[in-house]
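Since the structure comes first, as structure tokens, the remarks are kept for the end.
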């Protein structure tokens, strides 16, 4: 009996050692090895300082979305990015080639994010990152939003020299800082400025034209029925930017759950109803770049109008129920959404505003895509 | 009338449990089922109760074969007192006994039902605690409730599964006295499984000892409770003394 | 002598119970009217009566009153009544479930219905699988169908192993986890927007109440409860005694679990398909009712139903007024109200109950 036990033990030990050996074997290089940019060689005789600078890689210190001061390599050549909005903003600044991989939430949109491989993602999203994969890809920076697990990521990745930088594409309040950061870290200051001007000028135009004009009241609803936006919320700010007045202006600030009862809307009687919509097929990999079908759009508008008691609402009576796709509204940091809503509400005051053209510019010039119809419905009368 | 069991055979899929069991219990008689644990006493009760279906033999209750009776009809003739357990909900004594009237009631509690139940509660000394939850009663009191419930069914045959096992001496005697008196008064034939040979000797008119799937001995307790029978069935040496017409069993050093 | 005492005491108890049922009913009616009047709009009780009268008499209201009347008739009333029906249905279901399994910890969701319904809804919302998956009606239908599927599986497995209380509970718990995992998987691969919709569904809400739902539930519950009451004595027996005794009384416990369980399934599945999962009320109302009126089902079923209806009504009303215009999901408020109530009753009546 004892002999058998000893043999068994030996076999077990050998097996364990073999497993360990396999696990620790160096992996084959799969990630693209980016060539690190070389420092430009000075033409004059190098001073001591310049020599030192030439040898040490350049860095830049930026303050991210959550107030952390992070020292990043300059310029950033390789990054991995979580969050669709983030990738969009980076692409708008002309730096998307430096993003070597993204999260599944981004990559699943095969049409809009052709450049990302869904088999090569850094995790499902900013809350479920695959640190091993990130380490394997070996980027210089991980960019993720504030609602992602950035502290944990910092913990895990700092030992490997990968920096963690927070950019929250949905945080429209921090737009200027974030675009500046993107422009700075990727050395794309010009493109970033151009983008910022496109964004700021458009919004400024709206504000200027609507000076002194009486505000229209708005009921805004997310893709979830009866979930609206309260002050402090990014959607609320978007409505402000569009020149509209959210009927729930008196709700508590910073409330995360903003579900209301249908009778509230009837009581507050908005002039306009804006509802978000997302295509039913988002799961099947076609992504949200594809617009919701005309049937789905019509059905959604009808459902809203037919809610019991809602025929008393001005917006319903005047046929002023509009849909914005989740994809479309978020363009250029929700500027696109604001633009459409503004035009729907104030066609007279904003005669020169052409939302389709602005959306087209966003898609074609800043994202490299063709304009696609159906993200905003129905179009202006 | 009463209960008659003829040539009963019962087996679980591959294991024979009861072989050629026959006995008879007349109204007013109490039969004790004896035998070591696992010999099949409870199984026998379950065959009479129609919980198990025997492979052979016949069981006759009040002159009718039970395989010709539906469960519902049988409930009018035969009732069963299971081993006393705690209840998960605070059922009161009176509600528990009233359940015995289920074969007679549809929704409303008729006057007859109330008459029967109230009278029973009185006979069993349960009036003071009639509206208390049964979990608050002592073991002996609880057993009385279950017996009352069985009697409320107005049966002609009553089966009891170890009615005294969890009780102290005083309550054991109390219960069996009460039971005996009740079945004589109401002309009910009763079968009970029992472990305590002395109780069997004191209260049972007849005794049936099971061993190796068969009836080892059956008859009046004063004839069947002998040292030889006890040694064969239980594997235990005892001294049996007769006092006042009853057999008393004394344990000895083995 | 003592028989007469018993007679008097028994009558007295029946009388007390009937009075209590009457009181609960009256309270429910009063609270209903109040709840319809309460909310963001300042509505007086007079206006409530007026609206109903106008509707019944076919009178068109003044234009200035039109909006308020619409709110009362089309939004408040169905919501309030749906809440009451849900409370009644879930409580009665909980009572019956606890009785047929002889287990005080059981709720109408123990056999997995809530997880299955959530999965059905999720399947429709996220994957677009099912009948008319992207309509509100489709989501309801899919949730309902999936609950039935779950019940079917539980029944099939339990019957094979004897349809005992343990069989039902264990199979139900296992399926609960299984459907939960399926739902979690769906949510994992879902688009973020559908995800939030799918998750919100599970919280339970009366926001989408319509008269159609109310009428449907009135029919289902109106048929279900009398049917269950018919078996009140069977329930008395099943909740207090083991299967062996029950067979000896002429009842087939497996068959009864099947039938009564089916009624529970249909009632519960219908309710939660409309409202989402509202927990706790089905578990706790039966206990509160038992502490007050005892275990006799002819009284227990109506009382637990009424208490559940009151509890849900009060919870929803608080939930939609306390932080107006925000609505707090009804399931959350129920726990805040129900738990202290329950613990208080336990402490007061602990000796009798445990």
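Per-chain numbering from 1; labels A, B and C assigned in written order.
Assume contacts are C-beta pairs under 8 Å (C-beta built on N, C-alpha and C of every residue); 3 or more make two chains touch, one makes a residue touch a chain.
In this text the structure is predicted, and so the values were computed from the model without any measurement.
Taken together, chain A and chain B share the touching chains C. The most distant chain from chain A, with centres taken as the mean of CA atoms, is B.
With each centre defined as the average position of its C-alpha atoms, the distance from chain A to chain B rounds to 77 Å. Centres computed as Cα averages put chain B at a distance of 43 Å from chain C. Measuring from the averaged C-alpha position of chain A to that of chain C gives a distance of 42 Å. Within the complex, the chain B residues that touch chain C are 46, 49-51, 70-75, 78-80, 82, 85, 87-92, 94-96, 98-100, 102-103, 105-107, 114, 118-119, 121-122, 127, 130-131, 133, 135-136, 153. Touching chain A in their complex are the following residues of chain C: 39-41, 66-67, 70-71, 73-76, 78-79, 126-128, 133-136, 188-194, 196-197, 200, 205, 207-208, 210-211, 320, 323-329.
Contact residues on chain A toward chain C in their complex (touch as defined above): 105, 108, 124-125, 222-227, 230, 248, 250-252, 255, 257-264, 266-267, 269, 276, 278, 280-283, 288, 296, 299, 303, 308-309, 311-312, 326. By the touch criterion stated above, chain C contacts chain B in their complex at residues 2-3, 5-7, 9-10, 13, 98-99, 102-104, 229-230, 232-234, 236-237, 239-242, 244-245, 247-252, 290, 294-296, 298, 351-354.
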